[in-house]
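Encoded as structure tokens, the structure appears first; notes follow it.
Order of writing sets the chain letters: A, B, C, D, E and F. Residues in each chain are counted from 1.
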Amino acid sequence: MPDDAQPPHARTTIFGEQHDRILERLVTLDADLSGYVRDFAYDTIYDHPGLDLKTKELIACALLVSLGSPPELRTHLRGALNAGATEAEVRGALLMCIPYVGFPRTIAGFEQLRAHLAGRAPTQER
Amino acid sequence: MPDDAQPPHARTTIFGEQHDRILERLVTLDADLSGYVRDFAYDTIYDHPGLDLKTKELIACALLVSLGSPPELRTHLRGALNAGATEAEVRGALLMCIPYVGFPRTIAGFEQLRAHLAGRAPTQER
Amino acid sequence: MPDDAQPPHARTTIFGEQHDRILERLVTLDADLSGYVRDFAYDTIYDHPGLDLKTKELIACALLVSLGSPPELRTHLRGALNAGATEAEVRGALLMCIPYVGFPRTIAGFEQLRAHLAGRAPTQER
Amino acid sequence: MPDDAQPPHARTTIFGEQHDRILERLVTLDADLSGYVRDFAYDTIYDHPGLDLKTKELIACALLVSLGSPPELRTHLRGALNAGATEAEVRGALLMCIPYVGFPRTIAGFEQLRAHLAGRAPTQER
Amino acid sequence: MPDDAQPPHARTTIFGEQHDRILERLVTLDADLSGYVRDFAYDTIYDHPGLDLKTKELIACALLVSLGSPPELRTHLRGALNAGATEAEVRGALLMCIPYVGFPRTIAGFEQLRAHLAGRAPTQER
Amino acid sequence: MPDDAQPPHARTTIFGEQHDRILERLVTLDADLSGYVRDFAYDTIYDHPGLDLKTKELIACALLVSLGSPPELRTHLRGALNAGATEAEVRGALLMCIPYVGFPRTIAGFEQLRAHLAGRAPTQER
């Protein structure tokens, strides 16, 4: 199938301008790990049809909140916005975490959203 | 404001026919707890505007998967379908859990989906 | 120091009549494990002065709720009551879990409390 | 009921002089979130009768340790002391975490206690 | 490379006689999920060189204990033994969980070991 | 039994030159806590025969990854290497975390491995 008939990889939309920087940083951690992230997490799971990318990203944000808001959350908050979520929708997704995983986990997620909207540089982002 | 001008509570859609049974069961656990579930979890958080109910329910399913798929997951798998999610969208939401929380958590979620689709009676559901 | 000058081990109060049954069951899992539970968990940590046993047990119940309410919760709900907590105090401790770890974890804890108060036989308890 | 007949809100004791700063910081994260923290977490759950505030705060500290000692722990270590816990009681509550959630989680809690007792400024506290 | 020059897939050793049953059960949950388990979890991660299979399986058992000992633990306790671990080594791996994730998680792991050694039928195993 | 007939404590190998610094730091957190870490976590659990130290340390690294890679992970990555693990074996142990606890937890572990191999000073290590 010719390239231009393929839908773009989800990671192109999610990472935006940070795409190469994020993947290269993963290579410095471990070459095999970076391949698994790109080929399995993104090009297999994220590219699986059946659910639109915006909803996938809002789910990803909630899951990252349940994990204690590691640096990946910054990437996927931006990814959700890149995929068409409004700021209100992103806030709505984070608020859903309160009854399921409690306030401390949720507040940590909102801390990352505030940092992102304040436009701080994505230094340790991944 | 007259009743018929209010949008229906999310819990009406989510619980469907199980509504009264689920709330009454919570009362047998603890009267205050059941009030908090109804008034805060559902009528405050779930009824918060900004995110459509279908997406809220898919997020809820993913969060419940991260928690090890307790009995609430059965309720919210059905709730997502009641709110307009297709089976493919529900499967897509569960698959998103793989890269974020791993296979064991995800498989437990699919076990509950299979039970629901097979039409087993919602005995211990909540 | 003569035996009768020593305060009783916390595990005597916590386990009550179930004491020997619980310890023997642990031996069937692994002899070393059972020794560590008795000598470290109970006779070192639980017998550490500085905090009264009732408060220790209420904290234990909350921690077990955070872990998803495994069978030990049943033991320590009874242990809290044995150590002088009222049913209202036990319910108050479980309700504290809502804002910190969310409703699903908390509800699972109340399920175990109900089972205990209903007097079901402590079969798989540990 | 006249104001002076009402018991003070738990958050007044817990937050002490930090009260307004903590609530205002939450507003900068999300206006609805801050309302939920104040109205539900504190004025509904924390003000629920049945368990004294000191015990509630010691339980809160243990739950925050189970969550990996996020910044809230600093607030509630101080809150427990404000509510009448001695330093020995706070240490006793943290030690209870060892058998239930292991040493790494517990040590992280003691790191925050040390920082608090050393009088470092509560910068990122919430 | 001819088939007989390839090392056997790890899943052949881990699953033993249960191989087809386990994979077919996963297909009934979700066809894509089962493919990801086989192709990524086993044939990519488990077959990655650099660490012997026995050690991989002992690590898997510990990780499953940290997850609350879901049904997969039974499979990997057997898998560790199939890969050459002695019962003493398996017990040693489970005991390592005590200081890192506490006693309740560890005890649940020993419960599964006992069930396996007692030869109960692997009904819901996966 | 004369000293030289005793095998060295595991903590001697694990901590290497950092031994006294790490234990003294724990004393500043809490005197009882430091005793429990030394006497139970290390001299009871880690010195339990039945599993070689290298495998114990690789399991410890995986468990610490499941906990979100707290500072202890740095210590035990070095401990695994001190106990005879090759860098490839350590990477293999971390990669095993992907299917069990997902990519974010695993990536955090590889971040600590990179920091260790880059020879940064173990400031807050414990």
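Definition applied: a contact is a pair of C-beta atoms (placed from the backbone, for glycine too) under 8 Å apart; a residue touches a chain by one contact, two chains touch by 3 or more.
Everything quoted here is computed from the prediction, not taken from an experiment.
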{"item": "Longest centre-to-centre distance from subunit E, chain (CA-based)", "value": "D"}
{"item": "Interface sides of subunit E and subunit F: same vs different residues, half threshold", "value": "same"}
{"item": "Centroid comparison with subunit C (C-alpha atoms), farthest chain", "value": "A"}
{"item": "Subunit D-subunit E separation of Cα centroids, rounded to whole Å", "value": "40"}
{"item": "Interchain centroid distance [CA atoms averaged], subunit A/subunit E, Å", "value": "30"}
{"item": "Sites on subunit E at which at least two other chains make contact", "value": "32, 36, 40-41, 45, 48, 64, 67-68, 91, 95, 98-104"}
{"item": "Topology of the chain contact graph, where touching chains are joined (line, ring, star, complete, other)", "value": "complete"}
{"item": "Of all residues in subunit D, those that touch subunit C in their complex", "value": "40-41, 45, 48-51, 55-56, 58-60, 62-64, 66-67, 88-89, 91-93, 95-101"}
{"item": "For the subunit F and subunit A complex, residues of the former touching the latter", "value": "68, 91, 94-95, 98, 102-108, 110-111, 113-114"}
{"item": "Subunit C-facing residues of subunit A, complex", "value": "98-104"}
{"item": "Residue ranges of subunit A in contact with subunit F within the complex", "value": "26, 28-30, 32-33, 36-37, 41, 64, 67-68, 70, 72, 126"}
{"item": "Residue ranges of subunit A touching subunit E (in the complex, touch as defined)", "value": "32, 36, 40, 44-45, 48"}
